[in-house]
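Note that the chains take the letters A, B, C and D in the order they are written out, and that residue 1 is the start of every chain.
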Amino acid sequence: MSANSAANSVPHPTLIKVDPFIPADKQKGLHNRWHPDIPPIATVKPGQTFKIECVDWTGGQIGNNDCSDDVKNVDLTKVHNLSGPIAVEGTEPGDCLIVDILDVTPFEKMPWGFTGIFELENGGGLFAKEFRSRACKAIWDLNGVYASSRHIPGVRFAGVSHPGLIGTAPSPELLATWNKREGELIAAHADSVPPVAYPPEPRGAYVGQDLPKNVFEKIAKEGARTIPGREHGGNCDIKNLSKGSRCYFPVFVKGANLSVGDLHFSQGDGEMSFCGAIEMAGIITFSTSIIKGGVEKFGLKQPIFLPSPVDPMYSQKLVFEGLSVNINGDGKQFNMDASVAYKQAALNAIGYLQKLGYTREQAYLLLSAAPVESHVGAIVDSPNACVTLAVPTGIFDHDILPKPEGLTKKDFGQCAIRSDGVL
Amino acid sequence: MSANSAANSVPHPTLIKVDPFIPADKQKGLHNRWHPDIPPIATVKPGQTFKIECVDWTGGQIGNNDCSDDVKNVDLTKVHNLSGPIAVEGTEPGDCLIVDILDVTPFEKMPWGFTGIFELENGGGLFAKEFRSRACKAIWDLNGVYASSRHIPGVRFAGVSHPGLIGTAPSPELLATWNKREGELIAAHADSVPPVAYPPEPRGAYVGQDLPKNVFEKIAKEGARTIPGREHGGNCDIKNLSKGSRCYFPVFVKGANLSVGDLHFSQGDGEMSFCGAIEMAGIITFSTSIIKGGVEKFGLKQPIFLPSPVDPMYSQKLVFEGLSVNINGDGKQFNMDASVAYKQAALNAIGYLQKLGYTREQAYLLLSAAPVESHVGAIVDSPNACVTLAVPTGIFDHDILPKPEGLTKKDFGQCAIRSDGVL
Amino acid sequence: MSANSAANSVPHPTLIKVDPFIPADKQKGLHNRWHPDIPPIATVKPGQTFKIECVDWTGGQIGNNDCSDDVKNVDLTKVHNLSGPIAVEGTEPGDCLIVDILDVTPFEKMPWGFTGIFELENGGGLFAKEFRSRACKAIWDLNGVYASSRHIPGVRFAGVSHPGLIGTAPSPELLATWNKREGELIAAHADSVPPVAYPPEPRGAYVGQDLPKNVFEKIAKEGARTIPGREHGGNCDIKNLSKGSRCYFPVFVKGANLSVGDLHFSQGDGEMSFCGAIEMAGIITFSTSIIKGGVEKFGLKQPIFLPSPVDPMYSQKLVFEGLSVNINGDGKQFNMDASVAYKQAALNAIGYLQKLGYTREQAYLLLSAAPVESHVGAIVDSPNACVTLAVPTGIFDHDILPKPEGLTKKDFGQCAIRSDGVL
Amino acid sequence: MSANSAANSVPHPTLIKVDPFIPADKQKGLHNRWHPDIPPIATVKPGQTFKIECVDWTGGQIGNNDCSDDVKNVDLTKVHNLSGPIAVEGTEPGDCLIVDILDVTPFEKMPWGFTGIFELENGGGLFAKEFRSRACKAIWDLNGVYASSRHIPGVRFAGVSHPGLIGTAPSPELLATWNKREGELIAAHADSVPPVAYPPEPRGAYVGQDLPKNVFEKIAKEGARTIPGREHGGNCDIKNLSKGSRCYFPVFVKGANLSVGDLHFSQGDGEMSFCGAIEMAGIITFSTSIIKGGVEKFGLKQPIFLPSPVDPMYSQKLVFEGLSVNINGDGKQFNMDASVAYKQAALNAIGYLQKLGYTREQAYLLLSAAPVESHVGAIVDSPNACVTLAVPTGIFDHDILPKPEGLTKKDFGQCAIRSDGVL
């Protein structure tokens, strides 16, 4: 007889189970809007370790194949598909909810993820306008701690796996604040393509629970879209909020009502192409604790966190600089604009990767998905903000450093593109 | 007799010597404008190791004392005081100049540096308007690899020492581009306080060489101010372009004409308070090499670099998030603005440090000078850019982590302020 | 319909499946001796990603409970239980087998591991004689990337998960070499307790395949014990041969015949208490490739490897020194003996942890299991080798640094001990 | 007038000044034996930052040239030349002396160092017998944070600069203990070449102070040699006790009487060739503080320390394993001997470097001097201790990783050898 019997071995419970191969809006425990009236689907005690399964952020709209038509036609009214909410016993507004992100893994039956470039008119991305983006895609094979892609040969990297989206539920007042301020921005940029922000949209709204019709309709009508991060966390897409991190969330409703989704096997700082992480379905492991009155104690206006001790370490990097001057375009001078500076650093890096033989689309996808680091260098030297983008050289199986003889240009093919061949 | 005699020991030559205790405009080998007509003060061969001495960026205007009146009255027409230019034999426009930053140290006779908050009306800084800034100062004692300050007790950290400002000389065409684009920005924000940019300004212009009067006057009249970084490098204030880095500069004039100054013992990402690094006078050690035609080979639109293997490593950090919503102010929603997001993350960190007992001014100075890391988290989740600011916990001699019982507020006094006591 | 359907998602195959709750000698695909005649249980092609399940090294002899009697009575003739061998197509003696260790995880149904101190007379350990060891145990809860133990309160750390034991099969000649040289050592220390080495031992030998009786008997009679590492790899217990590593093995038999087991969730350098890692059952993910003639090409006398980019990073450490003088005992001077020096460093660390309130047994277990780093400082300063042992401070939830007022001694209880209470 | 005048700038005082070009035994403030009767040459207050200048450990016997005759003929009765002792006010036996190693730099006028292989009969080294060592030498150019050598082309690395030798003075009782135990070892190995240890030796003894003759003679007669590390610190040659470290020393005499020397620009774990670091003359910066009764409070039997946050970071390494079997020689099996295991790992690494084209002597010198990391893997798997040696790949300007086509063998010439050409 074996001493370590099943009797003394208690697996961590899985509170929400999903199937990544079934459309999200056919599954329990998912929702795709933020609203205080979405009831908790499960309740945990502080200190308990538990697991939550998540579909990928699109809810299974993107396939493991060599054509980007699914990206072209993605229905963004349905995103992000979140798992939850999870209530934590004893939590009240004004408390600080500590969430330990203990693990983030893909499903064993689905060892792959994807990175996409969305169409200018459907989703966009950082360079949607500059590149007049057409749908592209890279499929990544997930082999243990590593990812590699048949669509971007010559690279392999360890994942800094994290939830792109995690947050507590908003109070009615906070929700109203969001809708008001974002509505004003939308109104000020009414014709923008892609849009500057997304108002509540009943079409596509989903809550995977049996709710009274009027409750669901209220949620669908008022519920904040999940695209941006906000005071409660949300879609911050911070790559270093990774497995092993401890996060301190402000609590706005009784029970805190934590939701999570948009799992990323890896992502670069900035997430560049918007669907830029290695998007995956998978399993996240949590434990929680509460600090009563933590919002006041720590002056919490939004989450703070302690990053993980187990993120990938690539010490050698090639760093690109960017300033708030559009030197890759019309040369326009901006006023201390770090977003412009980030874009210039990114364009400089894309240009360099093209010299090595990657297509612009491959480079865009790669810098979105790989563990590149982008630092705000200086944001005080008027008029130029300076932002850097550091590409780890160790993720390549070939030497990318500048050489006296120049760079060797190889043929790396192309990523997955549309069936009509339009780029 | 000693075998290792002076005869076989050749010190690295010092090509420019300065005295940090003599006003900059009384010294040879310094200049404070960018212009192609500034002749090289010295010439080196590729491969040679050499040293350059630098005054601090203000040229000795700030003193080691406990009053910030010198900061209040600083004359910014005279900055930055750069050492150079150094010509590299055989370098031509279109080449890539490789510069190895081999060391950056303070003068032995001047083991201190300073961090300042400038007045709203004289220099400004990231929060000049929000804080309606009045002059403040922290003096840092430099003890080997560490800095500490009597004006900000309770912290000590290892320096990531670097030149805040390093660049090659512009061609006439490039200079004209700079002046044109910045002039247009200034014209569009004519009444801004502090100004959005700085046009050429003959007052205060200086070149520490014997030049024909008409040459000097041309330089003074046309020379670009040194405040911002630009395509040639310049005042990028990138903390990780530190000793041990290798930098690849585009070359715009024969000889490259490298200049350097604004040495920093340490700096946080962003440099926040503008005079935010630990500003110091000191010595920088270089060697150079040339890649012919490197601008074309690497697609160099601005410098790229390999960071140093010897930067400080503080693995535990407390990370603050910021979004492009002014949640620390009027709540206004911005459109994917990473500069706003950086500011919010910084204000969140300042608020936290105040809970620990640091004054707002101490916190502002500390986050400017210490090795804080600011990453662009995501810049695609409309409408909110997300930027993080990570404060290493190991630089404090007290525990700053969130605790169930809250934070312990200590009395850390105050930094150096104006003699009239105005904050 | 979901685009990412099961049809386009191929899980990595699991080539050996085991149940950690069933005794090892009732399961297929396991073996516990090294011998060239053990046939491969499965064959893979180079480039294929695959999984192997492993029981813990004792084969389920140790239970998740609060008593160490199972450790006291462990049957070491049955260890280590290895999964394999796996043949790699096309591999021949003299080749180099590249093994990518892609992942190492516990079973979902068994989220715990154990660390044991064995009895002086049954298993021993580094301080078996000094401590006159009696059985002790710590059970570790595995919560995602972290481990913590009810038997050693106040610590939590990220695992550097790895196979303690991995190797290719020996040729008959190599096996004969092992048995000869170890037999000579045993003969020279015939009465040693614990023994200095372990000769082939038919009792307890096991191969989980249907073998002709004479084949099995040959294996049982000649098969090398699995305790030590040898030229083929084997039980090297190198904590940094962790998930994410790439290892280059010499090949001695056709197919290479790779076997693996003794999975560790975490381990300190040295493994101190022998059963000193966090021993676990679990799943390892591999891929392989071949370099023909690699033994000659690289001069491979034993494996070499590239460590993982994802090992835990705890930058602050408290380092203890040890010399080849028994200063914790009789003061005897040894001659450049790094083993003695390691022991002194370890005893110095144990003494320090006792000042903090941990029992000697808890300290011994903790230093065995946590990611402590032990460096050979210097091994040339006659007569004293110097070895250091670095304890990461970040694994404690309390401050362990030396303080002017001394150390705070807390009550951390005791680890699991024998039912008769003997320590 | 400059605000930062000399008046407000106080350099850190230099308490001992030496000239690296003058023989050590002509200079004040040096000594080369450990003895309680050596009076302090200077006294400091706790909290004060101060500098100490040091000659190289041989006291200027080795020259910057291309011949190793000086190494062949080195007079080891004169080593190590230490600077000190420095008394710390208020320190008494039983206290803990905290020493902050704030900086370690070469002299500006002497930007080079050396690594030597000593003759079998004069100094030895780890492989003195195996290689039947003849004198060899590499001269290193120190260029800021980096070292490179004309005698070992193709490598450049950042220094982890540290004092090889630092310690407090022994009490008479401690000194007697040392001499007794080492004497017994010497007696037991009377004919060993090189010797196993070094007894007190009046010849060559030196104290650079005016002492009464009888005092000096007592010191010369009884004084412990400086070769090994001991309970007070001493010649531990721990590379990570580097600039930025904080060390806690036990105090044995009033004032503590700290001495330091044997500065290393860089060293690999183990120091392999004995004169294996990049030996240099230079300047060390300290500050100190006292914990009263610290020996008892912390159970200090020898120093403990906190390593520096600024050591070089090379994340990619090629790791060699070694076991306590002499597989590079006669195949003998040892009993859990980590020293043998270290040697095997080192020999495996040397063999690999030879495949790349380095000579055995170059490889031996390089592994001694570069920041290689040696970990004790496991020291419990009877009979084989396992030790690893990790060579950072980033220190080479060529690719050293195993490749399918094998390794590219280049011609790197040879290090400096004897004028008679004997190797």
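Assume a contact is a pair of C-beta atoms (placed from the backbone, for glycine too) under 8 Å apart; a residue touches a chain by one contact, two chains touch by 3 or more.
Not measured: the values here are computed from a predicted model.
Averaging Cα atoms per chain gives one point for each, and the point farthest from that of subunit D is the centre of A. Two chain pairs, B-C and C-D, are compared here, and C-D has more C-beta pairs in contact (counted per touch definition above). Centre-to-centre, using mean CA coordinates, subunit B is 37 Å away from subunit D. Averaging C-alpha coordinates per chain places the centre of subunit B 49 Å away from that of subunit C.
Chain geometry summary: the mean Cα position of subunit C and that of subunit D are 33 Å apart.
Residue numbers of subunit C whose C-beta contacts span two or more other chains: 309, 313-316, 394. Residue ranges on subunit B touching subunit C, taken from their complex, read 313-316, 394, 399.
Residue ranges on subunit B touching subunit A, taken from their complex, read 96, 124-126, 177, 181-182, 184-185, 189, 194-198, 227-231, 235-240, 248, 269-274, 276, 291-294, 297-299, 301-307, 309, 315-323, 325, 327-328, 331-339, 341-342, 344, 348, 351-352, 354-355, 373-388, 390, 401-404, 406-407. Partner subunit D is touched in their complex by these residues of subunit B: 1-6, 8-12, 20-23, 49, 56, 59-65, 70, 100-103, 108-112, 141, 143-146, 158, 243-244, 281, 285, 287, 308-314, 394.
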